[in-house]
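Okay, so subunit A shows up in both of these, paired with subunit B first and subunit C after.
Then we have the complex of A and B:
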């Protein structure tokens, strides 16, 4: 794809391509372990301003002025070169932006540098067995005793809890307040006594998320972000970031290109799938949607750059569309493979290391996580289109 | 250009700016207010019952606003803008179901701009700036959406050209002052510019079509005789047909974007009003989620149309954008807008319940326009087939 943003940006793109060509042998496997290779790559990218770009240098970032087009070029080039764009995870993508906006100076200095460098790994303590789509119904309690919070309760679907050093966690501190106003946002170490982690195996057969149990976990009182009862507000700063990062059209385009390659090798009735009208039609249906996402993003960008129009609605649909589109795209990959689409795991005739099957299922998880598609549609309809809320049922807060 | 490992063959260029210029923003504001003012729904219905189908006084005002000459160079009295600006004013026309010969006329304008010789341009373009109505006669009963699949013919007779064959779906034909007619001449597609007087009303028969806010006619070409100077042939004809097709794709898409916004407004108003089982029907998730789907279709449609329009603007300003790139962007826009508008119109009828099935319900007006637009210049299946040919390796 030719992604032209104008001459000054093409210089930047050329520099980046040269950097990738010269250094790609240093890149770790995307999504691989946070070993020294991954941390060294992260340091290199920060030095060149290709990750943590706009985070002030006193907090360990690259300290560059915000430039949305440069950020997009970086995302595009790393996606099309299929190499790691640096460390991700919930600490970097969610907590850091939140601390930058809502944290104290001390919290920024304490947590942002070590998070960016990969030394501190975070997990997110939000969902509970009784609080998923209705997250504000969460019940894990924190009671202030002296200069410590005493935490009791349970979290679920906690990704990477078993790898994390710290957790950012929503807890109920004001049990008598209305549900959205009774929540606080705490930070604490995962090796604090009283925390028990039990792995949950997901449908892809990975055990990436967990149940986390808290029994009289004691946390210093100052490890709160924002004020008591402000946790819902603090959490919403992060949820916006999560939604944006789940659906990158550049990655969708790279997967679509891989799908085209697959369709050139697979045959049905003696003809390549890429030559068969039904499959070509399905491919073009998805291509149109991928480009729509790309153009939506450009519209959001240009209005941010130019006019400050309200683009809230266009943003709300990013997560919803992007995750469902990827699910459909990966599903077409399974269709295309025919019998081999049924292989999984250690099967010797597994194609592409099972990427199509795993992504197909993994994206079901993303369609659910971070606000299900159905909840997103409620929000779009109620906040975006002004449709009436559902009447509260008896007993709901 | 693409990377070596890119599997999609043709480039899919991104517009550099994809934003409204100040001029376009002002244009959109003016056009939105104008269409709202001139096309309230009761007036839409009243105009549907007239022969012309549109209000000549409103057309005169649009001409005075400069819309008819918008894409015509200043040297002919126009504003020297592009199709992108026309798309900007077409969006509110769709939103308010405004009946107007602007679409037909601009297709004629594009044919003349792209293919006609200087004498023909000097003859027609100033008239079009000052309000003459033009149209194109391209489609035939057995044709497909390929504009060069033509059965109608022309043959030279001395200094004249004599036409034969039939055309259908000639927009605003009974009101038009001038026609661009596609024919085969010596085995190749050609266009003939024909004044209305040389056709005559007897050769036209009004067609009843699915969108009652539009007018079109079938045309018998047999025996029409025009001077040889009216011909556009060879490469000029090919360019003219492509320009008409591009304009048709962009303006139909822009009109559909407006239409989705319009019909969504109709639905939301009803869903906030109508009650069943003691609550507003808009509070039910099955309806609410579908409205979100309509909105998503609208956003996708708008993004595709704005992007295609931006590419056209940049190409007109001299940027290095190929005809294929523009073709791809326009076809994608047409696929998305056509299907999304029909979905929105279809659901709008459904959500009005029994009333939705009646002639009185405004949702059906949008659905009928959506169906017309979905097929104008090719439906989604046709364009996905063409897109696959353009973007993937040829069928081997």
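Then we have the complex of A and C:
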């Protein structure tokens, strides 16, 4: 047992802190890839190896060797300084690692540098109205005619579709193959004729998602990643990463700290909420769960650094537990405020810009999205505990 | 950076587990519990040969000289196998008190005896971890001129040759079980794998630990709570293993019941709740060894959280077994009750969360 990172890493942390102190005025407050300040910040971070760290420099990354502890220190320091850790989005977090693994040399050169710089913004076309938990049942079709794919169908839950330049999209190209083997992974421009985007307002009353309709959309044949029919394999290269990032225990810890502060200031009948045993007990109960997930994360990190520890189950449970925990934590924040917890939007009594209410609802979305809690439990039971799969019903593929 | 068990810790766990699997399987635990075999003398001796009673006692006093994290590993294994042996008081809390508050002469006298298994020492500290009234009167022990009077309830590792007794003023004392004026009565509890009792003192001669203070008491409680939590981790893990095995072979409606999502999701929820507590137990053991300023808070939160999780696992695993889970025949209730014991002893979850808040300055 050794929880220290060692002197080399403490030097790295000190350098990073010095960098943040000297440059934090350059960090964008909010603002996506269209914001020049955000792009300049991204360039600066790549130059110093604080983002796109392990992506080879010929593709616009920092070209550093993989180092889990340095990556963790970077995440910790940017989170605690509460400044932008660089550009995010599904292009950077999902497509770039997919292309590095499965793309052609030409595709890597064409897409990775412009994605990292923020010049090209992507959206992800996976889910469909009839293909949610059963994603491989997707029906959007692509038919090869001459040297073009002709695409027809519909996608849903497409975040940033209205902002994106390009889409990476799963389509059915082999209608007669078994469902997992008939899918291909295509890349195409969002201004291609035949694409219609409709915003999808969710319960937070924001249009975080869209519906995207394709009618005879024509895409050059070479814009495919992997081979025809390999799309499921290509998509699964990184799907696991997406799940874990939805439930970072360090962010839950930061929200817990905010909740303690809220309970020290908010009062009920003249007494601070922190001084009321029933509310305090709920707070302490959530703290116990946050601690469990933090130490679990430490164990998983250690197992990636050192061989010999099987943490498959410890990893499988993170999305399920982490999203449910955040939903409950944010919900306690609302209960603590009582009637004021109902405030929303332009309400002058709104606390913390509505963060408690928005997170409470948004995390319900995350309990569902990225593989529902029920799908997570199937995975835990079948792959983690070795229980038998559900028998196939007649008619199911 | 390494957060995991060492190969020595894995070996300790495997040795204890192999011994208990062989020598104290459930049907034998039943015989001890039903008093057909009385005290599990031979099993106690066998485990002491592996080093159980001297686990954290320094080598110069005849012990193995290991730390709290090693003790967590041992405690988890005892819980997994329902070991009907003294441990939390005798091997952990009492040696901790002696090492921190005993004189060199007391350490030289008591520690080698405990390490060698020649003397078993129970702990009468329940009134120091949350006092309760009994039959309208407050339990508790007072010391006057070196003699103890009063009543101590829920004494841990009760089948003992001596007891560590906490008085109401914060003092700690050692008392021989055959001391004049000491009345002893075993108290039946739901968990028949670990004896609990009551001590009644009438001006009983006692040996004080001169160095006893609030910090010592806190440390003794911290390590005791951490051990009980580790025991619950082991017990709950065993219940999950049994439930998953049963769900994988029991057939109803022409299908293995573990293929029904209703059952599958019960199993998954148990595993998802329990798995992170493994790292939590390790962290608590490590904090006791290396990060003293975090140890009390982590111990309180660990025992509160693990008690909640293990209680829920105990209920769910029983349900997965259907009617058979409710029977004495299958014997799941031994683990269910062991988890119940660990939950109430040395502070229930609400008490511990209250203490956790105090430790953080929130009260």
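Note that the second predicted complex is superposed on the first by the 385 of 397 C-alpha atoms of A that agree within 3 Å, B and C clash if a C-alpha of one lies under 4 Å from a C-alpha of the other, contacts with A are read in each partner's own complex, and residues count from 1 in each chain.
Just so we're on the same page, contacts are C-beta pairs under 8 Å (C-beta built on N, C-alpha and C of every residue); 3 or more make two chains touch, one makes a residue touch a chain.
From a predicted model like this one, the values you see are computed outputs, not experimental measurements.
*Asks:* When the two structures are laid over each other on subunit A, do subunit B and subunit C clash or fit?
*Replies:* clash
*Asks:* With both complexes superposed on chain A, which partner does A:80 reach: first (subunit B), second (subunit C), both or neither?
*Replies:* first
*Asks:* Considering only touches as defined above, state whether A:375 meets subunit B (first), subunit C (second), both or neither.
*Replies:* Neither: A:375 stays clear of subunit B and subunit C.
*Asks:* A:390 in the overlay: touching subunit B, subunit C, both, or neither? Say first, second, both or neither.
*Replies:* Both partners.
*Asks:* For A:258, using the defined touch cut-off, is the partner it touches subunit B, subunit C, both, or neither? Pick first, second, both or neither.
*Replies:* first
*Asks:* Output check: A:334 vs subunit B and subunit C. Expected answer is one of first, second, both, neither. What do you get?
*Replies:* Once the two structures are laid over each other on A, A:334 reaches no partner at all.
*Asks:* Quick check on my understanding: which residues of subunit A belong to both its subunit B contact set and its subunit C contact set?
*Replies:* Residues common to the subunit A contacts of subunit C and of subunit B are 1-6, 260, 274-275, 277, 280-281, 283-285, 287-289, 291-292, 295-296, 298-299, 302-303, 305-306, 313-314, 317, 320-321, 374, 376-378, 380-382, 384-391, listed in rising order.
*Asks:* Would you tell me which residues of subunit C are touching subunit A in their complex?
*Replies:* Per the stated touch rule, the residues are 1-6, 69, 244, 247-248, 255-256, 258-259, 261, 264-265, 267-269, 271-273, 275-280, 282-283, 286, 289-290, 298, 301-302, 304-305, 308, 350, 353-354, 356-357, 362-363.
*Asks:* Over in the complex, which subunit B residues touch subunit A? Could you list them?
*Replies:* Per the touch definition, subunit B meets subunit A at residues 1-3, 5-8, 11-20, 264, 268, 271-272, 279-280, 282-285, 287-289, 291-293, 295-296, 299-300, 302-304, 306-307, 332, 335-336, 381, 384-385, 387-388, 391-393, 395-396.
*Asks:* Enumerate the contact residues on subunit A facing subunit B in the complex.
*Replies:* 1-6, 80, 253, 256-261, 264, 272, 274-275, 277, 280-281, 283-285, 287-289, 291-292, 294-296, 298-299, 302-303, 305-307, 313-314, 317, 320-321, 374, 376-378, 380-382, 384-391
*Asks:* Quick one: which bits of subunit A touch subunit C in the complex? Just the residue numbers, please.
*Replies:* Subunit A residues touching subunit C: 1-6, 69, 260, 274-275, 277, 280-281, 283-285, 287-289, 291-293, 295-296, 298-299, 301-303, 305-306, 308-309, 313-314, 317, 320-321, 374, 376-378, 380-382, 384-391.
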